[in-house]
Amino acid sequence: MSIYVDETTRVIVQGITGRDGSFHTRQMAAYGTRVVAGVTPGKGGRSFALSGKEEVPVYDTVADAVAETGANASVIYVPPAFAASAIMEAADAGVGFIVCVTEGIPVLDMTRAHALARDRGCRVLGPNCPGIICPGKTTLGIIPGSIVTEGPVGLISRSGTLTYEAVHHLTRDGLGQTTCVGIGGDPLIGTSFVDCLAAFADDPDTEAVVMIGEIGGTAEQEAAAWVSANLDIPVVGFIAGRTAPPGTRMGHAGAIISGSSGTAAEKTRAFEDNGIKVAKRPAEIAVLARESLGR
Amino acid sequence: MDLHEYQAKELFRAAGMAVNPGEVADDPQGVRALAEEYGGRVVVKAQVHSGGRGKAGGVKLATDADEAARHAEAILGMKIRGLTVGHVLVSPTEDIATEAYAGILVDREGQCPVLMVSAEGGVDIEEVAATNPDAIHKLQVDPRYGLMPHQAWGLATRLFSDPALTKQAARILTRLYRAFVDNGASMAEINPLISTGGGKVKAIDAKVSIDDNELFRRPAVAALRDPDSESEADAKARAAGLSFVKLEGNVGCCVNGAGLAMATMDLVKYYGGDPANFLDIGGSSNPDKVVAALEIITADAGVKVILFNIFGGITRCDDVAQGIVEAVGRLDIAIPLVIRLTGTNEELAREILAEAGLAAVASMDEVVQEAVRLAG
Amino acid sequence: MSIYVDETTRVIVQGITGRDGSFHTRQMAAYGTRVVAGVTPGKGGRSFALSGKEEVPVYDTVADAVAETGANASVIYVPPAFAASAIMEAADAGVGFIVCVTEGIPVLDMTRAHALARDRGCRVLGPNCPGIICPGKTTLGIIPGSIVTEGPVGLISRSGTLTYEAVHHLTRDGLGQTTCVGIGGDPLIGTSFVDCLAAFADDPDTEAVVMIGEIGGTAEQEAAAWVSANLDIPVVGFIAGRTAPPGTRMGHAGAIISGSSGTAAEKTRAFEDNGIKVAKRPAEIAVLARESLGR
Amino acid sequence: MDLHEYQAKELFRAAGMAVNPGEVADDPQGVRALAEEYGGRVVVKAQVHSGGRGKAGGVKLATDADEAARHAEAILGMKIRGLTVGHVLVSPTEDIATEAYAGILVDREGQCPVLMVSAEGGVDIEEVAATNPDAIHKLQVDPRYGLMPHQAWGLATRLFSDPALTKQAARILTRLYRAFVDNGASMAEINPLISTGGGKVKAIDAKVSIDDNELFRRPAVAALRDPDSESEADAKARAAGLSFVKLEGNVGCCVNGAGLAMATMDLVKYYGGDPANFLDIGGSSNPDKVVAALEIITADAGVKVILFNIFGGITRCDDVAQGIVEAVGRLDIAIPLVIRLTGTNEELAREILAEAGLAAVASMDEVVQEAVRLAG
């Protein structure tokens, strides 16, 4: 089983005609994702070629796309100036699961977009996230399908390429994944570690979880407490940013140590205090995961 | 983007808040003239992007214009936490009866702005938060409604019991929130928010940071950037769209993705080396970005080796390889380059590098160990 | 029994120190309403004399009043410029039942106030309403206690003085009331005819309902349909404004015939089509109510 | 408060909407000058608060300045639904390709603004609503979020299929909503919203009503009131804070409470009489209001009797009685007065009236029957 999405998920792509949108839509379709439509305002009525053989319609609005195709998920690749609005459009159209890849969205825009998503009862993954991949089933976002494989590990990460690094090691070491989720590097994200942990807890196929955190905020600390109170499968952790100086944003808008809060040391301690083994190097994540599964 | 105190005060005034007067000068003569205009008793404050200006000697009280000019002489050109003071703000002194605190941040958990006030202002608010958290009153502002009048009033009653002062404070909080939202701020702070012996409430210090992601649509705010407050490397990285943070080590790092970039620095340290920088070339695959990244890294004379760690996803490895080859061709790089490339179009990338006489390894541990070794 | 409020309801008064607020607070207290506090911004710390013997504290904020007194209802007598804000303050402080007497509140202010009240799950009665009275128990608002008496009739009305007129006749004819609710003459009101009908339907003591409507909107039509589908006690109706010209606001902000919609004829027809007897004169309301109860 | 077309267009222009040009004039010379300025081909439109101006001959097309002046001559001073035309708006003609409709109202049921658009504009929208409701697209705007960009875009796609036009329409809808909210409107309408042969979308008619309850805080909008468009009685009622509507009968009504006032009028009709007016003296008990009410009613020569129907609640009967006594003393009232007073302080009221030689009855049926009898 996978969490949140699977091979039946009907996906639309917002910004399908853009450079990134068109590239990754074709990557997704090639992997097997059921892409049913695209949305680009002003380009409704055209069609978009998923491959040499298949094409999908492009609509002017998400509401039209949902009405015509019964889509229940959306992936957003639109520029930061319009991305929060794109999330709101999808939420308003009743799309239940929204992946926002876009980085650089104004935080105040996201306060409104997240509020609307909550009001409409839909789940947002991201923004500033690589998306979600269920090996062998579907991928929504930009995680390369080539590095994943089916298996018993659930993975949650705030990062993009660091996730690929970790998955790469897991796969090479024979540890496939049920689902890999990139929750995003922004300070305000729609789906938290705890949300994903709870979803993995309900998935009988997930036998261990890998959590990749970084400096900034307290999401890892909350996740650690949740694991200790609720989860009975092993969890392996990693925290990026041990060498980051305080008060400086390390690329991700959310990766900043405020005062003495949000440090890697604090997060590592929270993990360890709650029975989560912490890898010192990315390559060690797979080693600890294998050990925790007794393989 | 941080604003200077005087710029933050201008935004606050424009939002209709009561702020004490003040003007900036960049030489002692200018300060003397301002001090005379304000009647002699003034405060001279260094305008640098740093806290702790007072402790560093960057804030001085003068009782006459001569003394103000002497203070200016001492403060202008001094270094506070590595930043050279180029301007001072001159303000008349105020008859301070009480000092409170008011600030707004974005709350990660509540996913909304959070307004904080404390009747114990004028001091390090993080210290108050640590030692006496009950003295800080927090309010999550629902972005769907904005700061409602009763909320501003309710917080103001935590600062003052005299209704005349409460009313002024509520007005200031309402406008502080407006200024925060209307300028796309990520932080806005008044510390201290004073009441005077004459019963006036006003801001006598101001601190504002703007969300960098808002600048594209706020040209007037973007124009407030002080080019002198930014290093050449930072300015260049910003222009090229790179995330860059200068550090003290000698292993130059060029990575795609912030998380991987942090993990790469951590691994340099783990293997006994010292990273010279954090640098994320981002998700784009523009060769110009790689050139700019290499220029920034090699401009640092302390850097002994350049480490590339690229995991291709949205960034295609062949594009990065192309960029590296182009950059190496355009630049005269005297230090060794170690490269790790894996992911999308990895094979193509290896071919491109091979043609240019460059090699790449496939593992992160390997490339980092090699870089640390070469950095000596 | 009564609906919405009763003798245990703990009431605060917003605007207690104003002319109308102070007068009606004393009237309410004299009737038996459990007034526990008042709120006037800037006058916190004072006290307000309910009578020669009793006084209640005045607070700066509703939140303080609720925290100190456990109030669960509020009556608002503040000027129109501040009344929507007063509703929002009460809703935000967790007050479950809010009566807003104030007339003349900007409609756009009320769109926000009603939205917040819905978000907070609290019921607003009004604005521009006379309030609610449960004979012998409590009164919140301005309905004169002298004209009501205990009995089997539930009364709902969009009007103030026309309600008094109807109650006056009922009382004189020996038909007391379980509760009389003035829902307000504004176009946007928090509690509708249907809300009150549903509450009366759950009240075993209410044996008949009187509904007093007027021109404008479709609330009476919806109420009539609801009665027909859900209510098994008799309902008597009255509609004011049979002689009102179309397109002209008749005092109440909500009392305006738009085009051919919202006329008294249309509403009368909706009542009659759904088995609701319609009085031709105010005095006839009591006659029909008595008949419908077989007295 | 209704605005004139030219005033509504000014608000729309200020909100950044594309609106066709135009200026007002109050004499044929002025119209001629404007027509010359616009190149001769103009539309001359009567500025009165009434629909159906076209059908009434208040909107005329001119091919040159002379014809425009002749039209102005005909239109200025004409009566449209009882209103005298004092001003005309002169606008250049437009090359109309399509005519759409856009409007905003407040929706009672949804308790929010509702934006309506139809590709079938330029006609009576109520007729479209009645005959072809599917042609009207409605959107409830959540006041917590305002009109979101995708919503404006979505409605615009119902009006135009050419993206260049859709984009302009979305912009206009966004600004229409802004103008609606920022001016405290209760209605704002563009009919028609045209597209031109040259591919421009613009408003060529505009209708705005302001919520009277907003005027206290919008002095600039309140200043747009046209004193000539209001009868003396209406102006006086407004100044005194009375709700007043002139009708055609001879029984003057003075009632407290809008519902009771309507029911009183209905009862006059029921007993065979004809009400001369709706008048609600409201919840206050200021004697000056009663004086003003009596002055307004007695200024109508057709009124044969004055009927008071007062049920005291928030209004105390003694105050009203005092007001009646004072008013009768101050004014020279030549027609009979019949009074019904009941409720709060009823006894006191009767005493006050008795002292002044006035009597009161206790029942509404009784007082109305008596008034109808006296009106003959």
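List of remarks:
Going in written order, the chains are labelled A, B, C and D, and every chain counts its residues from 1.
We take it that contacts are C-beta pairs under 8 Å (C-beta built on N, C-alpha and C of every residue); 3 or more make two chains touch, one makes a residue touch a chain.
Note that this is a predicted model, so its numbers are computed, not measured.
Under the contact definition, chain A and chain D share the contacting chains B. On a Cα centroid basis, the chain most remote from chain C in this structure is B. Distance between chain C and chain D, defined via averaged C-alpha coordinates, is recorded as 28 Å. Inter-chain spacing, taken between the CA centroids of chain B and chain C, is 55 Å.
Touching two or more other chains at once are residues 112 of chain A. Residue positions 144-145 of chain B are each in touch with at least two other chains.
Judged by the touch criterion defined above, the protein chains form a pattern that is neither an open path, a ring nor a star, and not fully connected either. Interface of chain B with chain D (complex): residues 144-145.
Chain A contributes residues 41-44, 60-64, 82, 85-86, 88-89, 92, 112, 116 to its touches with chain D in the complex.
Of all residues in chain B, those touching chain C in their complex are 145, 148-151, 153-154, 157, 163, 166-167.
Within the complex formed with chain B, the residues of chain A that make contact are 20, 24, 80-81, 101, 103-108, 110-112, 114-115, 130, 142-144, 146-147, 157-165, 168, 185, 187-188, 212, 214-215, 217-219, 238, 240-245, 248-255, 259, 264, 280-283. Residues of chain D that touch chain C in their complex: 106, 108-109, 111-113, 126, 142-144, 181, 184, 186, 211, 213-214, 216-217, 243, 245, 247, 255-263, 265-270, 275, 278, 280, 282-283, 311-315, 342-344, 363-365.
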